[in-house]
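Both complexes shown next keep chain A, but they swap its partner, so chain B is in the first and chain C is in the second.
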Partner chain A sequence: MSRPFLTGYCLLIYAFLLAPILVVVGASFNAGAFLTFPPQGLSFRWYVTFFNNEVFMRAIRTSLWVAFVTMIISGVIGTMAALFHVLHARRSKDVVRIAMLAPLLLPEVLTAISLLFFVYAIGIGTQNMVGMIIGHVLITLPFVFINVSASLESFDPSWDMAARSLGAPKLVRFRRIMLPMIKSGVIGGCLFAFIISFDIFTISFMLKGVGTSTLPIQLFDYLRTNFTPEAAAVSTVSIVLTLTVVIISEKVLGLRIHRF
Partner chain B sequence: MTEVSIEKLTKSYGNARAVNAISMKIAEGEFISLLGPSGCGKTTTLKMIAGFEDVTEGAIRFDGQDVVNTPAEKRDIGMVFQNYALFPHMTVEQNLAFGLEMRKVPKPQMRERIAKVLDMVQLKGYEARYPRQLSGGQQQRVALARALVIEPKILLLDEPLANLDAKLREEMRVFIRDLQRRVGITTVYVTHDQAEAMTMSDRVVVMFGGRIAQIGSPTDIYERPENHEVAEFVGQVNLVEAKVESVGEGTATVTSPLGNFILPTKISVKPGNMVSLALRPEAIELSMATAGQPAATVLASYYSGALMDYRLKLDNGDELHAQTFPVNRFAEGDRVALHAPAERFWLVGVAQ
Partner chain C sequence: MSPGKTKGIGPYLLIAPAGLLLAIFLVLPYLNIGVMSFRVPGQGTPYGEGFTLVNYARFFADSFYIWQVVNTLWIGFLTTAICLVIGFPVAWQLTRPNMRFRGLAYGLVLSPLLVGIVIRSYGWTILLGNNGLINRTLTNMGLIDAPLPLMYNALGIIIALVHVFLPFMILPIMNGIQGIDPSLEAAARSLGASRATAFRRIVLPLSMPGIQAGCILVFVLSLSAYVTPSLIGGLKVKTMAVTVVDALIDTFQWPFGSALALMLSVTGAIIVVIFGRMTRMKWKVA
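== the complex of A and B ==
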């Protein structure tokens, strides 16, 4: 196929994917009282409303906190799983990989319902954030696992042997040789965990505790009764936050993130 | 300086024996090469000496002390890998400092030792470079420096020149050999390249199928190979049919198209046996044919600058390969006389 045709085709796909987002961003600057597009006049009034809305502010803090905790837990567990998978697993290699990727293959709503039964069965319940965070960790774990595994595949075992011959014990080799080389995979995986956790709806919806609504849940609640451009402002802030993380990871850290 | 002794060293993977009860002694400061085709067990042997492979059976002793149960990080060895294995996230200086830090060498002393070893490998001024900013040959020398700066008991090299181009490889051979002589460190060198093993080593260990075929000086290996396999692996060999006329005390008198000789023999032969004589191509000298001398016809000649290679046809139809200096040159179809001294022949076996 010719180059101009392919270029045009790609542009169409991008337009299809991005147009709704642009509409939302555009609608957030609406001066009117209703969520319409094109906007009726330009104004930041809905952003002001949003930043003064204590309910939304609490939700965004909850989301950031949950995403942060999820990232740390997923980062540690996912990295350890990847280390085992690439370096030590022999016969169990395929089983480990499939088990780690299973959360991606199951419908999120199924995972959410099962988890709901599970947290009550073991007595955690949904009074606090623990159940929700367990769910988030489950969903984000595969992304850490994939990223760290990929960076480990390019780790040359002779580096480790060289360090051994130079007299470095196991922990020193991990800290000074292996960790620096898989750093990009670990950080990339963690950022992914953060972004995805920030975005999770179904799990949060089922497992949220009293007063622990995350931003997507709060937005959903809000839209059930209101239809103002404030919703668009919330979405835009959420998009900007996610984009910032992606841009930081791509540009500043120069990472290659493996999603699959 | 350390003496290494290996006794009945064996490595099994299931029922397969990668290394099969090999024994050798490596003297203090000796440069020894493990030479053989891939899969002969040379690298496995090296890895067992380094401590990267478990030993199935047998002993490895450094100065009489068995190190089989000592982990690699405590064996005090310097190792150079085929792909150099320099730490890519560290500068040359940090790479060299790594082993010294593990040994808790004080900073000023560390700087001194790094400077000294960089001088030895002619890389002064490269301290701040990263491995990716260096050429293959330079990386090779950094790897060598990193192994030597810790002043290890023994130096192990695993096909270190395999990734370099031909010209650099020859330079590095001489470089490594000279450096090893100067430092005086006991060295084990693994290679499948016979020229490398011959030019660098005090002794060569030829290995086939997990066993030692022959241990000896490069001259021994080349001129007095234990068997035909060794002879073929370390160079080209001609085989000439001959007939045993009489047998003496450890010798046999044979007649061949290249003349009659009395040769020492390790195998038992009887008068009347047909045997094969082995002869290196460069042991044959050629001159214009005169009557009464063993002669052949030139089938083809190849000029390679320093040497001439000839494909010759004996009158009985057998072909020979001869290699001479291009002083007298012969053309296709020329009749040439063959001269080969008796001491350059060896007897390799009885034809059935």
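== the complex of A and C ==
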């Protein structure tokens, strides 16, 4: 392929990738009740409707809460697992890695169904958010693991040995050498866990209880029966929330988040 | 890696929480769903006492379900093939050493991943619907009289699935191409190979692992996709994942739903294994 042709082709693909997202954002500012092109004028009325809709506002609060709890749990146990994987695992290295990535490799819908049956089998049920949060932790765990592992790969053990030969106790070595090394990996992994959890659908859909619908679930339920641009306003706010987290992590904290 | 390894159980405490979580809430549930598929269908309860093969018998006896599996596999195959064909040039361009605006382009490829799947599918319903942007614009321009059937069919599902999973094709291929030593291509060129030959004989075979990873990822993801087929296909076109989830949520047929879910997953897994074997063979020959 010649150069200009290839560039043009790639621009087309980027447009394809952005189109549905831009259309949603555009639709949220549309004044009319139905989406038309060209739009019938600019308006914030769908945002007003959305902010006055207690069902959606509760769903946003639920989503933020679930994502926060998920991030903390995933962050702690994912970091511990990554420390084990890089620093201590020898023969078990491949097994640990595959096991930690398993939730990503298995079809989410099957994981969700299995977990639904299981929480009923052991009596947790779906009356509260416990089952749903367990599911979210499973899905987000690989991302914390990947990020912390990646930041550890560049860790030079001779620094730790130098500190030890100078008489630094284990805890001091962890705090002064290990923690600064992995800090960006941990924060990056946690923020990504938050974003992923905020958008998880299938797990939440199967494991939601009464009144514990997250934002994606509420939006999906709404879209099955309604077509007003209120859904577009909800979506746009959700996109802005995610973008804020990304911009904070990449621009303010200067992190490079590993997605794979 | 670290020579200062500590002996004893200390390090194992690090892996214990994650290990226990995965063992209890991933391994056990998967074993449980296998057992569940052999349970007796319940009357008024999700499942009854005892074990039976009736759930699998019901699957194989009903061509409706078999066709649905075939249909789902076909949609997954087309989605994967289209992602590969349209994604490869993008991955290729993103790895060119002298590319301008690489950061921006990379961000554009990743951006869909940051937007929830419900929102992206909703975007496609706005574009593809009978009253959607595309149809209304074409009607207003006088190009068509009746709306084009873009939604509530396999075409719409595939368009949206390609969009949703394209980044999962581009990123592994990029990783694959980045791992190729550029001097190999330069050597082929200096030995008189044309650009096309160098690409076909050097770059393409060496990027096979990335292509393979991307294809498997997209295929598995499209088979288990629920939101996109559900919103775009509506009640008219259902993929297997939609049927399974609806069977469990709406009608509480746990044993039969488990059997359906496992049949789809096992078929998908077999295809992935065969695909893996085939591509590895080709890769060696090339």
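The working rule: the second predicted complex is superposed on the first by the 248 of 260 C-alpha atoms of A that agree within 3 Å, B and C clash if a C-alpha of one lies under 4 Å from a C-alpha of the other, contacts with A are read in each partner's own complex, and residues count from 1 in each chain.
Criterion: a residue touches a chain if its C-beta (ideal position, glycine included) is under 8 Å from a C-beta of that chain, and two chains touch if they have at least 3 such contacts.
Quick caveat: nothing in here was measured; it's all calculated off a predicted structure.
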Clash or fit (per the criteria above) of chain B with chain C on chain A: fit
Touching partner for A:T202 - first (chain B), second (chain C), both, neither: second
First, second, both or neither for A:L138, with chain B first and chain C second: second
Touched partner set for A:V96, first chain B, second chain C, both or neither: second
Superposition-derived angle with apex at the Cα centre of chain A and sides reaching chain B and chain C, degrees in steps of 10: 100
First (chain B), second (chain C), both or neither touched by A:R164: both
Which partner, chain B or chain C, touches more chain A residues: C
Touching partner for A:P107 - first (chain B), second (chain C), both, neither: second
First (chain B), second (chain C), both or neither touched by A:V172: first
Which superposed partner A:A59 touches (first chain B, second chain C, both, neither): neither
After superposition on chain A, the shortest CA separation from chain B to chain C (Å): 6
Shared chain A surface residues [contacts with chain B and with chain C]: 161, 164
Chain A residues touching chain B - in the complex, by the definition given at the top: 156, 158-159, 161-169, 172, 176-177, 180-181
Chain B to chain A touching residues, read off their complex: 50-52, 71-79, 81-83, 85-89, 98-99, 102-103, 146-147, 150, 156
Parts of chain A lying in touch with chain C, wherever the complex brings them together: 1, 6-7, 9-10, 13-14, 16-21, 23-24, 27, 34-37, 76-78, 80-81, 83-89, 96, 99-100, 102-103, 105-111, 113-118, 120-121, 134-135, 137-138, 141, 145, 155, 157, 160-161, 164, 195, 198-199, 201-202, 205-206, 215-216, 219-220, 223-224, 231-232, 235, 238-239, 242-243, 246, 259-260
Residues on chain C engaged by chain A in the complex (per definition of touch): 1-6, 11-12, 14-15, 17-19, 21-22, 25-26, 28-30, 32-33, 36, 46, 86-87, 89-90, 92-93, 105, 108-120, 122-127, 131-133, 136-137, 140, 160, 163, 166-167, 171-172, 175, 220-221, 223-227, 230-231, 241, 244-245, 248-249, 254, 257-258, 261-262, 265, 268
